[in-house]
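Going by the order they are written in, the chains are A, B, C and D; count residues from 1 in each one.
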Amino acid sequence: MIAMKKFRVGILGATGVVGQRFIQLLEDHPQFEITALAASGRSQGKPFAQACTWRLPGDMPERVKQIVVEPPAPPLDCDLVFASLPGEIAKDAEEEFARLLIPEVNADHLALIDFQRKNRGFDRGFIVTNPNCSAIVIVMALAPLHTKFGVTSCVVTTMQALSGAGYPGVASLDATDNVIPFIGGEEEKIEAETLKLLGHCQNGAIAGPDMTVSAQCNRVNVSDGHMASIRVKLKTAVSIDDIRGALASFTSQPQQLKLHSAPERPIIVRNENDRPQPRLDRDSGNGMSVTVGRVMPDNVLDYRFVALGHNTIRGAAGAAILNAELLIAQGYLVQ
Amino acid sequence: MIAMKKFRVGILGATGVVGQRFIQLLEDHPQFEITALAASGRSQGKPFAQACTWRLPGDMPERVKQIVVEPPAPPLDCDLVFASLPGEIAKDAEEEFARLLIPEVNADHLALIDFQRKNRGFDRGFIVTNPNCSAIVIVMALAPLHTKFGVTSCVVTTMQALSGAGYPGVASLDATDNVIPFIGGEEEKIEAETLKLLGHCQNGAIAGPDMTVSAQCNRVNVSDGHMASIRVKLKTAVSIDDIRGALASFTSQPQQLKLHSAPERPIIVRNENDRPQPRLDRDSGNGMSVTVGRVMPDNVLDYRFVALGHNTIRGAAGAAILNAELLIAQGYLVQ
Amino acid sequence: MIAMKKFRVGILGATGVVGQRFIQLLEDHPQFEITALAASGRSQGKPFAQACTWRLPGDMPERVKQIVVEPPAPPLDCDLVFASLPGEIAKDAEEEFARLLIPEVNADHLALIDFQRKNRGFDRGFIVTNPNCSAIVIVMALAPLHTKFGVTSCVVTTMQALSGAGYPGVASLDATDNVIPFIGGEEEKIEAETLKLLGHCQNGAIAGPDMTVSAQCNRVNVSDGHMASIRVKLKTAVSIDDIRGALASFTSQPQQLKLHSAPERPIIVRNENDRPQPRLDRDSGNGMSVTVGRVMPDNVLDYRFVALGHNTIRGAAGAAILNAELLIAQGYLVQ
Amino acid sequence: MIAMKKFRVGILGATGVVGQRFIQLLEDHPQFEITALAASGRSQGKPFAQACTWRLPGDMPERVKQIVVEPPAPPLDCDLVFASLPGEIAKDAEEEFARLLIPEVNADHLALIDFQRKNRGFDRGFIVTNPNCSAIVIVMALAPLHTKFGVTSCVVTTMQALSGAGYPGVASLDATDNVIPFIGGEEEKIEAETLKLLGHCQNGAIAGPDMTVSAQCNRVNVSDGHMASIRVKLKTAVSIDDIRGALASFTSQPQQLKLHSAPERPIIVRNENDRPQPRLDRDSGNGMSVTVGRVMPDNVLDYRFVALGHNTIRGAAGAAILNAELLIAQGYLVQ
């Protein structure tokens, strides 16, 4: 066995809720080691242990404590970058880091990397962006149904966790004994990205499926775990057992390639009538599985169910790492 | 001015969450006075102050403290009965109390009372039952749209308060940092009762509208206030201003008759993008108004919005009292 | 009866959690009317309806909607000012407003106003500052015991509400499923202010009592209502009935003068073994009463009990208003 | 290396909150294997997978799913029994199981086993009971201070987690936006058991130390993790560094014997001013460490600090397993 040299990783937005998840998930990763941490103004120039108030259960990993926080701009001492930055900052920073890497979710779209390199004049680097954290959970559940039966309409109502808004994010006075029926830009993102993610890659562009998507988004008083009540209309008449079977048997490239962060079962179908629940199911498959329950026929569309996934793992840091693993397996990332 | 004698009221399930709301709402009511309290086994024979642990903010009203709790069966010393009993017990108890009164929501259905009296051989009494507490909130918001534009499909996802499950109800370990995507029988009830409530009374039966209804129900960590994300498909093409106008201008018999518990505005339309919220809006109109917000076009159906109402006031005790007031105004209840 | 002209009131920090309470409590006040609203930078120059996101249940009162928000500095169009500003800003602003009024809690200390005027060369104006919101609740409960029996030691552990930190204040990720054992400066303030508030006014200074005070402060996941577990050591040997009697029978100048905002019973003693509770007791006496329960002998000190008060009413806005009423009654405030 | 045969373990109260923790913690234990599960009436006769609604994150371990639930009475097919039963049931059941084992916390008290065997005529078996879950956390923190400096008084105010009340336990309507200042029997238990646990074993009885203990107990809206604000008065004058040092350097027999469930550091001292926090620190040392923070001098007693431990692991199931490991190491448990 030949010892493999690890890829050197930088994390943008390292002090935030998702940045800390990256650090936690990469602590003992066989293919990556953290060599650079970057964050916004106040943290720069300080060792990470001083710059960052660690907000996850468990301690800050020893090996990042002495890394000095840098500005989120090149050059960073690393082979690739995982980014978790707020919207506006992200746009600029991601552009500047174009020669490095920011990974993404669905495998056949990786072909776009070649087009990107060509269009932007990149030599080796490329950008792969992460979808919206709710869209990931929803699309994970839709993917096997769409592939097998064709989804023509999808009506989604989300109940999203507080960590999705980052830190400090939602004020506790808004969260306690309350639900907020608004998350800025979220409904539009879910509606648009669901189509993109389920689309096909043709000549360097994505052709969305013939599908309508409606999303209503709510913030609920839950720390982690985005949940979605979903109805689907299908092209084909299928039985409820077909639906359950398609969901439960779903696997894809990450499982076939046995990627390090790939959950054994990307979708876990539960039959109890009160599951999934955020507190009980968000950590399934080390936070990388999506749990689906309450699969039932629907009066208005064809079928309905509830899907749940961990928003900062499956929906953010874990998704990015998984796809970096995929990029290595497919030869896009080489040392 | 002639002083009116008050109706003498009994409350079944007086020690429960809704029973206590009845007592609170009737404390200074101009038309009703509480003369009898009934509850299940353990409480019977004790003065109410001993039998009941008061769980609402504020103190137990003085005038009920000495009333001795009786079994929920005739004879009770009262002219009419407000009932709040768990499912199975309710069935039997409501039957026995048929010669008294248990009220309900929509005005033209009162014509059914005449059929009921005839069929059951009641002399003066009748039964009017309350709809499901979520159905009330949903149907309040649908009613003006259905009347004006015709609703053909309705997709509802609820986020329901803990008090809807009574006391002790939901275990705190299930509620904290969690959402439960299941409330026994609730989805079926909402789907069935929405049709009934929006139906027309013909020859002693209700003819439901030509409408499909889908409900997915969730229990969230909120003390009071049922919220619903709602999409509707309409018979007629209408503008968003038509929708908003129909909701905001809605009034009905309780407002025209200036009934004591009638809110001035049954539906309050809010334009802020993050309303309604349970903590801020549940007590609007003394808990009797339904607040609607986020009215928007929808990609899959025609329009969508969010509706919120106080589940133990507008959805239970207040609704029953309001309709008893209507029964008086229409001459069904006489002394 | 002669119609009294109302005092014209300005509110500093009008957009904050406590500022909004001032506005709510003054809506129908017989002696005060709001004529000026001031707040920090971003709000200035806008009508209050635009400048302020109303975060209390119920709507923003109509009469303040059109008032244009000014900087928190003279001149403001008012006779007196109620201030609720964050620490640092407060210091400067309060100094500048010295010729107006910022009120306070204990009656005999008002004699200090004469000394203040003399020392600062104020002609008519004076400053009365509000104590810490936890100190108010604690001292309310200690006052009758100290007056009658002499408190020599007091050990306090607080469980404080989220609204005490203002808005946005505590991040929801810190509040959910959690307790935070730290509130900056709070333990020192309670320890110092308890002594000041229970001290006697001598020659323009306050002589603190011979008492030791220990405070440990925790932030808990409660919207409103500061709770404190309290033990006291007394100079005199007294029975538990003496303790209960002293607490329950306590009244002071606000009650004797029948001030508008004075609760009939400043301290409500409850005998149930699970009271006080924030959700059930914080609004007692319109939020102006302190509720005490679990009065028991203590193994280490002499007696122990639990006290609860509404932190933004009894502990902030309501306290300031009550004492402005006292200042009017005592002739310090004249038109 | 000689393969050791595992002890065969029965769990009483297997379906409850603590019973499920036993099952989770024993899943891969090197010395114990679960061979019997017992619980109250309704569950008996069913396979555990049917009898028990699993309420912990993660799935029910495969190996217990088919074990048929038995009544909590002999004979059970096991060498020793871990019991987690509600008060009254526990008394009888523990008596009947006297010839088996129910373990306990402090090592030198194990000498009482010999007296117990003699007094009760036990041949091989013995009973070791678990202390109260709050008392364990508190005494863990007091032990090094008492050993080194002598604690003469201790004033404790607890903020206890919902799981301490079992399932369904606390009603969510009581927990949400609330604190309950009462836990039946808890204050008395903490006061009594702290003395017992810190006492010395003399001639088959425990001589308590010369110490006064005061406990006020509150239930807060936290799922797991009991927190306590603690003040101590000491026999000796010591510096704050002495206190911190004694706590941080504390180890005892479980660490020296390298018992499987022993945390490396039984007490973790944190220096951040806002720690410990239940959500961040309860799982330290796999839930077996107690975290102490905010060590400070106190105005009334000598020092104060905050201690936190996981109530169903360190305070219940984990404590029992740890001490069973100790019993094996000391030769009380043999096959």
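Convention: a contact is a pair of C-beta atoms (placed from the backbone, for glycine too) under 8 Å apart; a residue touches a chain by one contact, two chains touch by 3 or more.
Source: prediction; values computed, not measured.
Asker: Between C-D and B-C, name the chain pair that shares the greater number of C-beta pairs in contact.
Answerer: Top pair by contacting C-beta pairs is C-D.
Asker: If contact pairs are compared by residue number, which of A-B, A-D or B-D agrees with A-C in over half of them?
Answerer: Comparing each option in A-B, A-D or B-D with A-C, the repeat is B-D.
Asker: Could you state the distance in Å from the CA-based centre of chain B to that of chain C?
Answerer: From the centre of chain B to the centre of chain C is 39 Å.
Asker: Touching two or more other chains, which residues of chain B qualify?
Answerer: Residues 55, 174, 176-177, 221-223, 279-280 of chain B touch two or more partner chains.
Asker: Please give the residue numbers of chain D that touch chain B in the complex, ascending.
Answerer: For chain D paired with chain B, touching residues are 17, 55, 162-163, 167-177, 221-223.
Asker: Contact residues on chain C for chain D in the complex?
Answerer: Spelled out, the residues of chain C in touch with chain D are 153-155, 157, 159, 174, 176-182, 191, 212-214, 216, 218, 220-223, 227, 229, 231, 273-280, 293-294, 298-301, 304, 306.
Asker: State the interface residues of chain A toward chain D in the complex, per the touch definition above.
Answerer: Those in contact with chain D are residues 55-58, 176-177, 223, 279-284.
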